[in-house]
Structure formats: structure tokens, C-alpha cells
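Both complexes below contain chain A, partnered by chain B and then by chain C.
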Partner chain A sequence: MTSSSTATGASGLGPWSAIVLLAPLTVLMFAILLYPLGLTLWTSLYDGQLSLRAYAELASSTLFLKVLRNTFEIAITGTLVSLVFGYPVAMHLAAQPPRRRTACLVMVMLPFWTSILVKSFALVAVFGNQGLLNQLLGFLSGGQINLPMMFNRVGVVLGMINFLLPFMILSILGSLLALDRRLILAAETMGAGSLRIFWKIILPLSMPGVVAGVLINVTLSIGMYITPALLGGRQDMMVANLVDFYTRQTLDWTAASATAMALLAISGLLVAMLGRVRGGLSGGPA
Partner chain B sequence: MNPLFGSSDVARRIVTVAAWLCYLFLLIPSLIVVPISFGNSGQIEFPPREFSLGLYRQFFTDPAWWGSMVQSLLVAVATTVIALLLAVPAAYALARSELPGRGLLRGLFMMPMLVPVIVLGLGLYLQFSNWGLLDTTAGVVLAHVMLTTPYIMISVMSGLQHSDIALETVASIMGASRRVVFFRVVLPQLGPAIAVGALFAFLMSLDEVVVAYFLTGTDAMTLPVKMYSSIRWELTPVLAAVSTLLTVLSLLIALGIIALQRKTEAHS
Partner chain C sequence: MNAPSASAMVQLQAVTKRYGEFEALHSIDLSIAKGEFVTLLGPSGSGKSTLLNLIAGMIMPSSGRIIIDGRDTTTLPTNRRGLGMVFQNYALMPHMTVFENIAFPLQVRGLPKDEIRRKVTGVLDLIQLGHVAGRKPRELSGGQQQRVSLARCIVYNPALILMDEPLGALDKKLREQMQLEIKRLHAELGITMLYVTHDQDEALTMSDRIVLMNGGRIEQQGQPDTLYFKPETVFSAEFIGSSNLIPGEIAAGEGGTVTLKTALGAFPVPAPDRPFKPGERGVLLVRPENMTLTDRADSTSIAGRIEDSILLGGVVRHFVRCTDGSTVIVQELNQPGRAGARRDETVRASWTLDHARLLPSPPTR
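Moving on, here comes the complex of A and B:
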């Protein structure tokens, strides 16, 4: 510690050079990040005079309450499905030898690198009414079966988990790889069955990854805009779509700003929880 | 082979089947656009009945598509250059100075990652309509610079953590000026970290749709915004050709990033 701090002393930057280097980005963040956020807050509070009227109207608006309910329903459904399917994938990855694990990880990461618009278009091509899956089902059933899987709740959740799964898998994989394999060997030697090993050792020890993965998924899905707009129906509007609706359709910037501030508060709360979970569990740099 | 499942074959089989279902679900949407893009008809077809480059011809001859692609590349290049010029010096200053309030600044610089994009989209829309920046290239670039700098900072700061601070000390003891130390000692070591950040920023700007949708109209429309309205209103098969081009580009960038990260790991 002492040797590294003397090293910083000799090659460290003086306060003035540091300020010069930090100033441009700081100015940008004030002008293009904090200012628009402040402007949104101001717009939500001020029309002629300062008031909380916009928020009171939101709280009693059936549209807003319905959209809020949709948002939580879709976010929680998407997160749970992604947990149920992500966990086995993480286990499968953890059990592979390093070289095969890298190959499998590429498949998990591919959608992570693919544009959300490409994925949305492709999901319509696979799950749409004339999509690949329905063509197959129709062929097998002689034209009897056609499942509506797009432009409804199912479509939103499918798009959602396609987006969320990589985050869930990577989060759980981290915990599984950190788990001490000798515990499992020991339990097995003592005669524990694999179901018991899973419930008593693997699952409890991977909880940090599960909790972080769930929080990341909920946080990401709460603000989703593209997926519900492209893959959902009229009934599946989420908060982000409502912001757009107020901005473009009804030109009510006050309501749009209040809705955006409500979303910011909810997601801020989730980010704070995530920070606590991460900080409390990892201790060192991740 | 590996004791994670104990010795149960049933458990292993269930996990393997569930995992492969997920791999398929994750993989197929990214891949299926490729065969569709070589079809030739007025509608989306899989498998295509005959091989054709017609959809690509449509893409490259329609100025609405081609023009928004050029616009997107322009915005992404400008964003990357400006974001690098702002973020690299700031990351260096945060890592190598003892300035009070660094934690607060760091939090400010990371904030764009934590605010939902729709909130930023609305805020910038309100701001730029006052400032006359709506539907201008400069407006989109400014917004994208703000959105991408955190990712460059993360990459560069982790590069600085791994780089050898003793070299900087030695250079300054030998009488090198601060500027010489930065350009001759620090930057060469940071090369891969900066390149990773730059590629990531480029890809993010190229794919960003929500903020661009709020900020652009017909004049400054980027490719993702054009794709968004096309999926929403017409669902033309040209989308398959655009998607294939974008996916190939993303893959190349991803491979570049992975190769660079391998290189830095081998160094340290």
C-alpha cells in the first residue's frame, strides 16, 4: 500500500492538470445529461405555476394505472421465465470444460451483440402468424393449428426473455463457477442424492448470482420500449410506451414528463437495491 | 467428468435438454435473417424458393434505406471520435490524481448507463426543441456521445489498473514531462483498452434507436429509426437484407473486441 501510494505520488497528476482533463466531460454531462433531466422534472412540475397537479392526475388516471400494472406484470413474468430457463443453461455452462464452455458462451452472447431491431424482426419471422413455427405446426396438423404468438402478451414476453436471458445466465454462471466443487464431492461421498445436493448446496450457494440476475432483469425490463411497441398488442403498453404516447399522440408534455419521472424513480430504486446486493456480496472488485 | 451434477445421469440429461432449447432460442433469431435475405419475392419467405440478391439490390438502390445507413455510419464515427477525446483524458485523470470529489464525478460519468433511455430521450427532445437541434446530425451525435462515454471510461480505467504504474514513475523521475509520459508511456500501454472502448461505442451508436427516434425526423434519420418504423408499419422483406448486413458488422466488431481482450490478458 505504501509503495503504491508513493508511486502515485511521483507519477500522479497535480490538481490543475486533473481539472483540465476532467472539465470537458463534466461540462458535457451537465449540459446533455443533468440539464435535460432537470428540464423534464421542471416540465412535470410547472404549467403556469409550480404544482404537483400532473402527478395527482397520473395517480388517478386509469390509463396510467393499467400501464403501470402491465409493466410490472410483463417485467416479472419475463424475469421469472428467464430465471427458470437461464438457471439450467448456467449449470450446463459451468459443467463444461473451459474450451467447450467458450463455444457455448458464444451462442449466449450472440443475441447480446445483435441489434434489438434485428431480433424483433427475426422473432416475428419465427413466431408470427405466418412465421416459421406456425408454418411447421400447420403442416404437421394439416392446417388445423395456428397459435397467435405475436402482437400480444406472449410476443412481448418472448422478445423480453430473448433480450434478458444472457444477463441472467452470466450472472448465475459467475456464482456457479465460484462454488467450491469439493463440497459436492464431499456430500456425494456421504451419500447425498443429486436432488438433495442441488437443494442444499448448489442453489443456496448460487443465490448471490440469482438475486443479482433477477434485479438486473427487472431493472432492464421495466424501461423497455422497443419490444412492447413492436411485438405487443394494444393491450400490452408499458410505461416507456406511455411516455411516447403522451409526447407524440396527445402532445401533453407535462404528463409525458411526470410519467418519465415516475419511471426514473422506480428504476432508481431498483438500481440502488442492485448496488447494495452487489456491494454486500462481492466485497472485492468483481 | 465434472462433479457439478453429482453422478446422476437423469439430472444431467434434463439440464442438457433445457440448455440446448435456450441456445436454439437465443441463436435462431440472429441467424434466420440470413437465408430470408437471399429470397426474392414481395413477402418474407423461409425457406426462400430461389436464391437471389434482389433484396440487397433494393436496399442499395433505395435512397431512404441507403441514406439512413450512411447517416448512421457517419453518426457512429463522429460519436466514437468525440467520445474518445472526452473520455480517455477524464479516465486518466480519475485514475491518476488525488483530486477530492473523484467519486462523485465518477458517479456522474457512469450515470447515462443507469437512467432509462426513454427518460433521456424525452429530456433531450424537450431540450433540443428549445435549442433548435431537433432532427440535426449534431443533436444525435451529442446525445450518443453522452450515452457511450461510460463504456469507454470503464474499458480505459480497467486498462489503467492493469498497466504498469512503475513505468510512469520511472519516466517522470528520468525527467520526462507530464505530456511525454502520457503520450509515450501511458497511451501505448492503453492501446487495446482504448480500441475495445471505441469499438463498443461505435456499435452502441450504430444500434441505438430510442433516443434517435425521439430526436430525428426525415432529415437526420438513422438506420435503426428507419428499421423501427419499417417493422412497425410495413414489415418489408428488405429488412432481412438490412438485418444480415448489421449482424455481420456486429459480429466482426464483437470478434475484434474479443481478440483485443485476449491480447490484453496475455500481456498482463
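Moving on, here comes the complex of A and C:
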């Protein structure tokens, strides 16, 4: 608030400028976000009369609970895999000289420039049953080995980390770059080896980045829709796919809306946690 | 190559450090005795920090050898040199308590828990900070943080402690207090200390020996007294203390004295130890506190006019404008009832022969 008022003050357009400048976006957001959201909330609460029946049914629906469990399993697996792969990349990037790091960051961001559909089909071409990897494995093992890596849980996670990794890497990189290099020099003069320096100094001091990365990853992945639809199997339905199922297969708009609102609530909770974690930790190891 | 000496804690043999074309250190030879407190003093860019980082192992020399405690450590990684180091920004681990910070080097050495507790408590008492053991570094003042950082060093009793401008971030009063505290710890523990600073007062206060650096070379080294009273170059004279420098040409001398012909007259100067030739350029040095204001005209005085007098508490500093437009500074002790020199008063700044020193003319750049 304060910053927006100083910004308009600085532009010298007077007190009305905030309203004038923000009006187009406000109208747009209302039309494409708030109105449909309100409609969804209304639909979830009203089927002839106002009631919480749809939510009560969700809470006792084995399908919903199973899908919710699925969703969290997949989100947490994807996040952990992304953390395990992302942390070393972030460490490597942090050790590069700035120019080289910028070049490497472009490569980290590359997945964002590709359509998720194209990426999904590319992953099938590489990891599918007849994909490059399995053909190579089959060739090397004389047709003995064929790993099912697509249209199952592995496929979903592979597809997800492709999207999640940049968020994890950037988040951890931020923490690592903020780490005072002299702390590591000090630890070295005291005789500490690289492993101890990592576990006792680098890892704890990069925790704000790790926690932020994990929360961003979980938040992003619980809402995944296309990836599980394209790369998962029947057992890998996630909450967003369930919404799709209700709207297109069973035409139960009330259940679909209630499911969507439940997903929104869970995501909102995670985002709120993210804000707390960031606010709480950023004041710490400065 | 000299053999490593048993009494030396650190020996640098022809250590050179180049960054591309730039030579940061030119073939440095330096030996530091066990238990000695040596200060590397110099302006920024003189190579003093580079030298310290070479000894710490954070950078590798381009050539030369570094011997620490009789062991050739030229290529040894930092964590195997067995050193202690105190940084200007303290470099305390922000996520650890004071206790954990000090315990860290002991854990690295695999000491049993109760021994760690005993030792950490011991040094906390030594630096009188036992009451903050459970706090995080950011909850301490700058001076307290630096004492913790010192404690973290002395707790594992390294043979050599390196200090890189450790008091640079503290205010003047705290800095003076910490200087004495570091000196006390040095005297009590007998650990060899190598201290880097650009502050001449700090160097004079603390050191057994000062190594004055300039442009990647050792300009002069010696006890603080020697550097102050017997500077060998104009750079040394100007860097340590304040100085009146009068350039001139050496004329023939007789006995122990030579005559320097300057724009302000010809002055007798004690003949320097180094060889010199008549006709050579030279610079006369007289420290301001060795000059007095008189009205007596003799061969070791300069006529001038008082331009300004400033009171610095215990001393008074007079700025005397000479006939050629240059200024000499005369510093006298302040005493009650001292007759104040008046501005524009014509005076003579005078000194005695043995307080004058003839320095070689600095190389023109």
C-alpha cells in the first residue's frame, strides 16, 4: 500500500492516478477471476437450496479421499525428487562466476519456453515403452530390460519435475548466493572438511531457500492437471483431474465446484505457510 | 633455498603472486618467529591481505615457498594448515549460538563432549562473555562478536593466528579497548599472531614488529620504535606518524654530518648509514614533535610565519608557512599558561641536529 502510494506520488499524477491506473486490470481480474470464482463457490453451495451437502459428500467420498491422497503422494514425491536433483544444480550455479551463471540460468529456465503439451510428448518419446531410453536398454540387455516409465506414477513425477525444478533451483540459489563466503573460509581455517562444511553450514543456512522451494513445488504440483492426464495411469488421478471427471463425465457441477474449492483452500493454506516461512526466516541469517 | 629454521613459525621464501599481468606481490621473503606479534601494515592495494590469504591457503602463490611451523605448506589446503583466523566481519555462524560457534573447531577435531564443554566455558570466561553462551551472534554487539570470534580461534590453540583487519568495523573507543585485549591474550597465550591493518596507530600499539608494505613489496620492517624514529624511505616516514619533508641536494659533508641544500637554505644532517654521493637528491625529515618555535636563528631552523595553530588536547599543532610557500608543522606539548602563538607572527621552526634524518629521494613515478 505504502509503496504504491509513493509510486503514484512520485509519478506526480495526483491521488486519482492509483484508481485510473489500476482500473483496467481490476475490471479484467473481476471478470475473469473473481466472478467465475464466486460462481464456482455459489455452485458448490447451491443445488436448489443453500447447503453444505456437496462438501459433506466430498468428506465421506472414498474417491475424493483416495484422489486427495494420490495428489499429496505425487506432489510430495515430485517435490522431493526436485529437491534432490535441484540442490546440487543450485550449488553448482552458486559456484560459477556471474556471467557464466547467467548463461547457465537461461538453460534452467528453458523448460518454461516450451509448451507443456510438447514437453509431455517429448518425454513419451524419450521415456516411453518404445522410447529412446528403453530402446537403448533393450539393445544393451538383448531385449531383457524394458522399464515402464510412462503412463504411471514415474511418468507423472518425471513430467512434473521438468516443470518444478526451475522453481526449486532458483529458490535455493537465492539462499546460497546470500551465504557469506567468508563463513566457509572461516570453517576451512578451523580445519573443517567439505562434508562437514556442507552439513553444518551450507545446508542449514540455505534452509530458507529449501523450505520456500519445497512449498512452491508442493503448491504448484497439487494443482497439476495436464501432466497426470497425459503421462499418468488410471491410478494417478489428481484433484484437478477429478474436477474434470465430475464436469465432463458425470456432469455433477456441484461436486466439481466443491472439489475445486477444496483444492483452492489447500493451495491457499500452503501459500499462506510460504509467506510465513519467508517472513520468519528472512529476518534470520542475514 | 634456505633450510626451514626451527625457531620460525612462518617463513616465506621468494613468494610471488601474479594475477595475469599484475604482480600483487614481488618475491617476498619474510620470517616470523614463534610467539611473535607481527603486523602487516600498508595502504589498500599494498598486498598485505594477499600475503595473509597466501599464508591462510585461500590463494596459491605463483612462485616461492610458504613454510609454517617447519612444514612446507605451499600447496596444502586451508583446512590442513592448523591455523586460526579472525575476520573483519567476524564470520561467526549466524545459525549457531555463541557456545556452538566456539565448539565448532573442537568438534572438527573430534574432542569428547565434556572436554568441549570444559574448553568452551574456559575461553568464554577468558573473554568475559560466559553470560551470552546461549545467544545467537546477531544478538551481540560488534565488540562482543569479535571477542567471540577471537575465542573461537584460541579455543583450539592453533600455532598461528591470522587477523585480517579484525577491528576495522568497530568504533574508535572499542577498537582501542580490543587492541589491549588482543595484546593481553597474546601475552598470556604466547600464540604467534600475524595481524593485518592499514591503521598505523594500531600497528604501533600492538606489534613486536611491523612489516610495512607498499606496492607488493616490503618497504621496511622493524620494531615500532625503529619504524617511527628511523624510517628509511619517504613512504615509511609519511605512512607512520606525520612528518616534515624538505627535498634538496646533498652537498659535501665532513665527519658525521652532511649538508643538504634546499630551497629554504642549507641544513646540516647526520650522514646516513647507506652509501651516498654528493650531488644526489635527498629529503630531510624532521618529525613535528621534534620541532619547536623559537626566535633563535641558527643552522637548524627555518623562518616562517604562523598560518594557523590548532589545539589537539594534549598537544598544539602550528602550521608554519615558509618563505618558499611550503608548510612545516610544529607540534608542542600543551601546558597550562602556555603563551599562545599568534597568527601571522613571524617565528622560526627549529630542531636539533640529531632529530634530523636524511632520506633518499623517492623514485619518481
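Here, the second predicted complex is superposed on the first by the 263 of 286 C-alpha atoms of A that agree within 3 Å, B and C clash if a C-alpha of one lies under 4 Å from a C-alpha of the other, contacts with A are read in each partner's own complex, and residues count from 1 in each chain.
Operating definition for what follows: a contact is a pair of C-beta atoms (placed from the backbone, for glycine too) under 8 Å apart; a residue touches a chain by one contact, two chains touch by 3 or more.
Bear in mind that the values here come from a model prediction, so they are computed numbers and not experimental data.
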Touching partner for A:Pro204 - first (chain B), second (chain C), both, neither: second
Residues of chain A touched, compared between chain B and chain C (which is higher): B
Partner chain(s) touched by A:Leu63 [first = chain B, second = chain C, both, neither]: neither
First (chain B), second (chain C), both or neither touched by A:Val271: first
Chain B versus chain C as contact partner of A:Pro36, first or second or both or neither: first
First, second, both or neither for A:Ala18, with chain B first and chain C second: first
Partner chain in contact with A:Leu176 - chain B first, chain C second, else both or neither: first
Contacts of A:Ile145 with chain B and chain C, given as first, second, both or neither: neither
Contacts of A:Thr189 with chain B and chain C, given as first, second, both or neither: second
Overlap of the chain B and chain C footprints on chain A, listed as residue numbers: 185, 187-188, 192-193
Parts of chain A lying in touch with chain B, wherever the complex brings them together: 4, 7-8, 10-15, 17-19, 21-22, 24-26, 28-29, 32-37, 39-40, 43, 85-86, 88-89, 91-97, 104, 107-111, 113-126, 130, 132, 135, 161-162, 165-166, 169, 176, 181, 184-185, 187-188, 192-195, 197-198, 202, 222-223, 225-226, 229-230, 239-240, 243-244, 247, 253, 256-257, 260-261, 263-264, 267-268, 271
Chain C residues touching chain A - in the complex, by the definition given at the top: 56-58, 77-85, 87, 89, 91, 93-95, 104-105, 108-109, 138, 152, 156, 162
Residues of chain A defined as touching chain C within the complex: 180, 182-183, 185-193, 196, 200-201, 204-205, 284-286
Residues of chain B touching chain A in the complex: 1-8, 10-12, 14-16, 18-19, 21-23, 25-30, 32-33, 36, 44, 46, 85-87, 89-90, 92-94, 96-99, 105, 108-109, 111-112, 114-127, 142-143, 145-146, 149, 165-166, 168-169, 171-173, 178, 181, 203, 206-207, 209-210, 214, 224, 227-228, 231-232, 235, 239-240, 243, 246-247, 250-251, 253-254
